[in-house]
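Pasting the structures in now, so scroll down.
After this come two complexes, each holding subunit A, first together with subunit B and then together with subunit C.
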Partner chain A sequence: MDIGYSALAVALIASAISFVSFVLYLRKQDESQYGFARIALVIQTVLLTAAISLLLYYFLIHDFNVEYVALYSERSLSLEYTISALWGGASGSLLLWAWLLSLFMTAIALRERKDRLTGYALGILLTINIFFLSLLVTINNPFTRLTFTPFDGNGLNPLLVNPGMLFHPPTLFIGYAGFTIPFAFALAGLLAESELWIFRVRKWMIFSWLFLGFGIFLGGWWSYTVLGWGGYWAWDPVENSSLVPWLLATALLHSVMLQESRRAMKLWNVLLSIGTFATVILATFLTRSGLISSVHSFGESGIGPIFTAYLGIILAVSLGILAFKFDQVKSMNVFQSATGREASFLFNNLLFVVMGLTVVWGTLFPMINEAVTHSKMSVGPGFYSAIAPWIILSLAALMGVCIILRWGATSTDDLVRKLRFPLIAGVATLPVMYFLGFTNPASLTGFVVAVFAVALHVEDYLVDAKNYAGKTKVGFFRSMGHLILVRRRRYGGYIVHFSMIIIFIGLLGTNFYETTHSVTLQKDTPTTVGEYTFTFNGMTVTQDTTQTEYGVNLLVSDGSFKDQLTAKLTNSSKTESMIVHVGVLSLPFQDVYVIPDAVDQSSATVTINYNPLISFVWYGFAITFVGVLVCLLPRKIGGAKLEQG
Partner chain B sequence: MSKIKQMNKVKLLAMVALPVIFIVLISGVFSQNVSPYVSVSQVKQGNMTQRNIQVYGQAVMDTINYNRNTNILTFDLTDGNNTVTVQYRGIVNNLQNSTEVVAIGVYKGGVIQAEKILVKCPSKYEAAAKEG
Partner chain C sequence: MNKVKATGIIFIIFVLPFISLFTMSLAMPMAHAQGTPVLDTMAKDFFCTCGCNYVLATCESQMTCDVAKSLKVELAGYISKGMNRDEIIDTMTGKYGNTMLATPRAEGFTLALWWYPAAGGIVGIIVIALVARRRSNVNWRIDPDEVLALNEEELLQQINIDKSSAETPVTKKYDDILKERLAGKKYDDMLKDKRKASKTKSKQAKEEE
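The block that comes next holds the complex of A and B.
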């Protein structure tokens, strides 16, 4: 038996002890049990950390006697991909999941107030942890040893040898593991009969939301740079399954604010917390079960039925608790007017949940259909792309309008006064975009809404800063900075809204104005394709023991600038398989995206795509980070002092 | 009091009418976008004229042929009993290394004109592990 396996087994025992101690604490009000439970919790985290480090070590020393290492790595694999091979298969992914969860639990145990609410939450989190650990010590043991030691490993799939592999899975998993927290605290709130859970989960939720979103974004970026996975988003079942928890989490992030400030949506918040976690579990196993045909499904690993059963248990137990403690979730009706801020939260939730359910339905339909009719059907991307634009457009408009809405109801005068300028700005966009060559009516509607929403943001910010400057006698520009610190929750949120509108503009550009040209370029002969001129400067061949790489070197130019672009074809000597590496030249307003189809010394056949405005998606994401950071700034920094001053 | 009642109606409307309208709308879109996922034999037997049919099978390695001049890739897809030719514009990652291929497109004149090809390849590694 491997020492790593022993560590996992002891971690499982420590987890169980910790769980039992929390239960004893909750039943007997015995404070010492809480301390004991915490120690056991920290011990299991240390053990899991040791286990995952050990597995990493086996990868680094190429210990191919360990089956998992032999399956997912090989001697010639570079250091960074050897590290990433850790989550190349189901067992390693589950270990990573369990480890991240244990880090979250430890952080909560150390940082949150020691009380019944936290006790319940940690107890619930431990049951999840015990589930993962049980899988790891039974059917998904990453430390299984072979009876022989192969000279070399199987190697990582060539498509996974991409920087995306380094960051996408762990980022997504941080998000997944993080969304166990609202679930656990929501149930803990019911059990401990405390509404404080809403306040306690906030920072964890925002943090996890960022990582979940960033993980999805990295997946899209990876997909964009690997040909054959259909651009950055293809509505593939596995992509969908990671989007659903994000959609529900976004809804939750908003609806908890209504409970915080208006004591409403209590039942809804619990349901969303459960839904987010349930879809996280769904996503984890869809990726790994092979139940659904997808480019991303990495083979059947036999965990499908277990996860289905687990999902059933989660839903049954949590809904059971909810039914048992139903008196805890009676809310006041705070929806007084369609122009109140409450209503905008309601619309936001409707849109996100409807989108979430749509994606769930489309993703699970093939599975359900097969179970019922025994014939296989698939749902095409057309289904989602017929619905998503309406949702996104409505959300963009809502993100603008929500700023000017007040709690209760907003007066008509107020609405007119504040909508005037943004409406003009929006309408004025129409001719400008039209003359810039953006002539598609659907996209123009999008641009108008986007500018309208951005104008609302700008207007609100400027007016707020002016008032603040008048009140505090600080200069106008300093007021702008102060405001963000003083009203960090408000402005953090609005910065994120703003960033989403920027991303929305990027989506409009790439969805409506992407152009594709297929062309064969002769060596040293400049050829104009669309807006740019391409010159094929020849092929470079680099060969090492594992692969032959054919570089297609292009010079891209127009009147004012010149830049090099290299796209590559690699032929793996082991699998004889050809892999395309697209070449991307990112310009401020569009990407030149080159897919090499074939190349020899004298000519190159390439497909050239122009993706206008895709850079807005990247900029938008950078701004999202800023907004989230503002939201998460501890009160100690700046805020309190400024508020007094 | 009457105002609250009125607003309850608004809420009720939002909660009942919107989802209903939405379900009606999506079921329309949905039915247009559901397409069969079939084996090679089923394509050969059935009268598959829809767009976006998904045909799964295995690529016959020595039939993989890429014509540089036309940028057209062809290969035979088989399920063991029947074989059908697939045409695709461009080249496909990892095809030579694949265990299962899903060709998505139209079936016309005995040929699948694929708009998209999914290659299940990473599974090769896990499948190999099971056998071994």
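The block that comes next holds the complex of A and C.
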């Protein structure tokens, strides 16, 4: 038996012991049991750390006697991809997930208060990890040894030999593992009859939301800049399944504020927490089951049915607990008017949830259709592209309006006063954008809404800063900085809103103004394609034992600048398939995106796309990161800053 | 009346962009369906049959796929024959099956796919209307940023007051906390003072009893 497998088996035992100790603590109120449970929990984490480190070590020393290592790596794989091969298959992914979850649990055990609420939450989290560990020690053992030792491994799927592979899966997994925490705390809140769960879970929820969002973003970036899977988002079932928990979590991030500040939406928040985690499990099922056709088919394994059963159990148990403790989620009636901020939270939640459920529906519909009509069908990007713009546009408009609404109700005078300048700014956008060449009427509507929403945020910030400066006498510009620290939740949220509008503008640009040209370029002959002139400088050939890479070297120029761009075609000798690596020249307001179709020494046939405003999508995500950091700043930082002021 | 007007303003803000977008979205697919089909657009309407799960446009360019290339040539042939989009879709799905159609048509059971989001939205709006009808006179409220300034004892205090009475007092306003901070008090000291004050108060109340 491999020592790694032993570590997993003992980690499973430690998890079970920790779980039983938490149960004893909760039943008998015995503090010593809590301490014992915590020790067992830390032991479990140490063992899982040892197991994952050992598996990594096997990858690094090319121990192909370990089946998993032989399946997903090879001698010629570079160091970074050898490391990333760790999560190249189902067993490694499960181990990574279990390890991340154990780290989260340890952090919670060490950081949060020792009380019944934390006890219940850790108990629930442990049941989840026991599930993963059970899979790892039974049907998904990553330490299974072969009866022989092959000289070389099978290697990583050529599509995964890419920098994106280093960061996209782990960040997604951090998000996925993190969303077990709101779920566990929501159920713990019911069982412990404590509303404090909503306050305690906040930082974990924001952290997980950021990582899942970042994982999705990295996937989009990888797809766009390297793989060129039809751009940054193809509405592929596996992509969709990662988006759904993020959408539900976004709804939850908003609705918790109503519970925190108004004691409303208690039932809804529990349901959203359950829904977010259930869709994480659904995402794993869709990725691993292979039941629905996907471009992520390399992720398939046999654990799909087990995850389906687990999803059923999760839903049955959590909804059962909710029904049993239903009196705990009775909320106060706090809605005074449709013009109150509370109402805007309801609409925000409606939009996110409808979007999330629509994506789930579209993703699962081929299966449902086959069950009902016994005929096969596909749901492609066209369905989502017909629905999503409505919801995104609604969200952009709501994002602007909601911040100027007062808690309770907003008077007409107040509304008119706050709306007039942003409305003017929005309408003024029309001729400006039209003059700049953005003439599509639907996109112009989007630009108007985007500027309107941003203007509302800016106006609110400036008015707030003015009031703050008046109260504190610190001066207008200093108060602008202080405010962000003092009201970090609001302004962190505003920064995230702003980032989403920036992304929205990027979506408008790429969806309405992308142009495509197919052209054959002769060597050293400048050819003008649309706005730029392209010169094919020749082909470079790089060969190693596993692949041959054909580089298409282009000089891109217009009157004012010249730049080099290289797109590549890689012929993998193992899979005997040609893989495209697009060439991207990123300019401030537009990307020149070159997809090589065929190349020889004298000519290159390429597809050239001009993607306007695509950089806004990337900038937007960077700004999201800043906004989330502001939201997560510890209280003391703001206090200290203020005292200096 | 004031509230009605304010609701009206918000309604208009939301409705205006939608009327324009809706009109345009109606106009565009009609033009798309009735006008001459464009090869690049139609190559996004079908999945490649090579098993890659990409639409033709992507598969051809990303995988340098011969199947996608030949299907695109076939599409170009239909377009040059003067067939419209619907006729081309009928011909292609008749030949290769419905699974290659990337955007399912709204007919038969597939209507459930297309109507689901609208049905979800309508149900949601009805639920919101029902929730919002349960109007309240509770004046208590606290800004979410003020929540961040409270520790768990204070939060519990809030929750307990909230449970015992519908008319709950307003938490110490954030402006007051701010003033105290600006007066030079550290946050932890402020909390200590507050706890001390509440302990003294409860002691006094006990003594009075």
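We adopt the following convention: the second predicted complex is superposed on the first by the 630 of 645 C-alpha atoms of A that agree within 3 Å, B and C clash if a C-alpha of one lies under 4 Å from a C-alpha of the other, contacts with A are read in each partner's own complex, and residues count from 1 in each chain.
Here is the rule we use: contacts are C-beta pairs under 8 Å (C-beta built on N, C-alpha and C of every residue); 3 or more make two chains touch, one makes a residue touch a chain.
It should be emphasised that the depicted structure is a prediction, and the values quoted were computed from it without experimental measurement.
K.L.:
Subunit B versus subunit C on the shared subunit A, clash or fit?
P.N.:
clash
K.L.:
Contact-wise, after the overlay, does A:T607 reach subunit B, subunit C, both or neither (first, second, both, neither)?
P.N.:
A:T607 sits against subunit B and subunit C alike.
K.L.:
For A:Y72 in the superposed arrangement: first (subunit B), second (subunit C), both or neither?
P.N.:
Only subunit B; A:Y72 stays clear of subunit C.
K.L.:
Kindly classify A:R488 by the partners it touches after superposition: subunit B alone (first), subunit C alone (second), both, or neither?
P.N.:
Touch partner of A:R488: subunit C, not subunit B.
K.L.:
For A:F383, select first, second, both or neither according to whether it touches subunit B, subunit C, the two together, or no partner.
P.N.:
both
K.L.:
Could you tell me if A:W618 is touching subunit B, subunit C, both of them or neither one (first, second, both, neither)?
P.N.:
neither
K.L.:
Going by the contact rule set out at the top, does A:V580 touch subunit B (first), subunit C (second), both, or neither?
P.N.:
So A:V580 meets both subunit B and subunit C here.
K.L.:
Once chain A of both complexes is superposed, is A:G89 in touch with subunit B (first), subunit C (second), both, or neither?
P.N.:
First partner only, subunit B.
K.L.:
For A:N154, select first, second, both or neither according to whether it touches subunit B, subunit C, the two together, or no partner.
P.N.:
Touch partner of A:N154: subunit B, not subunit C.
K.L.:
After superposition on the shared chain, which partner residues are touched by A:F421: those of subunit B (first), subunit C (second), both, or neither?
P.N.:
neither
K.L.:
If you tally the residues of subunit A touched by each partner, is the higher count for subunit B or for subunit C?
P.N.:
After superposing on chain A, more of subunit A is contacted by C.
K.L.:
Considering only the listed stretches 1-9, 19-27, 109-117 or 199-207 of subunit C, which one runs into subunit B in the superposition?
P.N.:
109-117
K.L.:
Where on subunit A do subunit B and subunit C both make contact?
P.N.:
Touching subunit B and subunit C on subunit A: residues 227-228, 230, 293-295, 297, 333, 335-338, 346, 350, 354, 358, 361-362, 365, 375-383, 386-387, 577-580, 595, 597-598, 607.
K.L.:
Quick one: in the complex, what on subunit C touches subunit A?
P.N.:
So the residues of subunit C touching subunit A come out as 2-3, 5-7, 9-10, 13-14, 17-18, 20-21, 24-25, 28, 40, 44-45, 47, 52-55, 57-58, 60-64, 97-104, 108-110, 112-114, 116-117, 120-121, 124-125, 128, 131-132, 134-136, 138, 140-149, 152, 155-156, 159, 162, 166, 174-175, 178, 181-182, 184, 186-187.
K.L.:
Where on subunit B is subunit A touching in the complex?
P.N.:
Against subunit A, the touching part of subunit B is residues 3-4, 7-8, 10-11, 14, 18-19, 22, 25-26, 29-30, 32-38, 52, 54, 56, 66, 68-69, 71, 89-97, 102, 116-129.
K.L.:
Which subunit A residues qualify as touching subunit B in the complex?
P.N.:
Listed in rising order, the residues of subunit A that touch subunit B are 67, 71-72, 89-90, 154-155, 157-160, 226-228, 230, 290, 293-295, 297-301, 333, 335-338, 346, 350, 354, 358, 361-362, 365-366, 375-383, 386-387, 518, 520, 572, 575-580, 595, 597-598, 605, 607.
K.L.:
Which bits of subunit A are touching subunit C when the two form their complex?
P.N.:
Residue list for subunit A touching subunit C: 113, 195-196, 199-200, 227-230, 234, 236, 257, 260-263, 293-295, 297, 332-339, 343, 346-347, 350, 353-354, 357-358, 361-362, 365, 369, 372-373, 375-383, 386-387, 389-391, 393-394, 397-398, 401, 407-412, 414-416, 419, 441-442, 445, 448-449, 471-472, 486-490, 516, 569, 577-580, 595, 597-598, 607, 635-636, 639, 642-643, 645.
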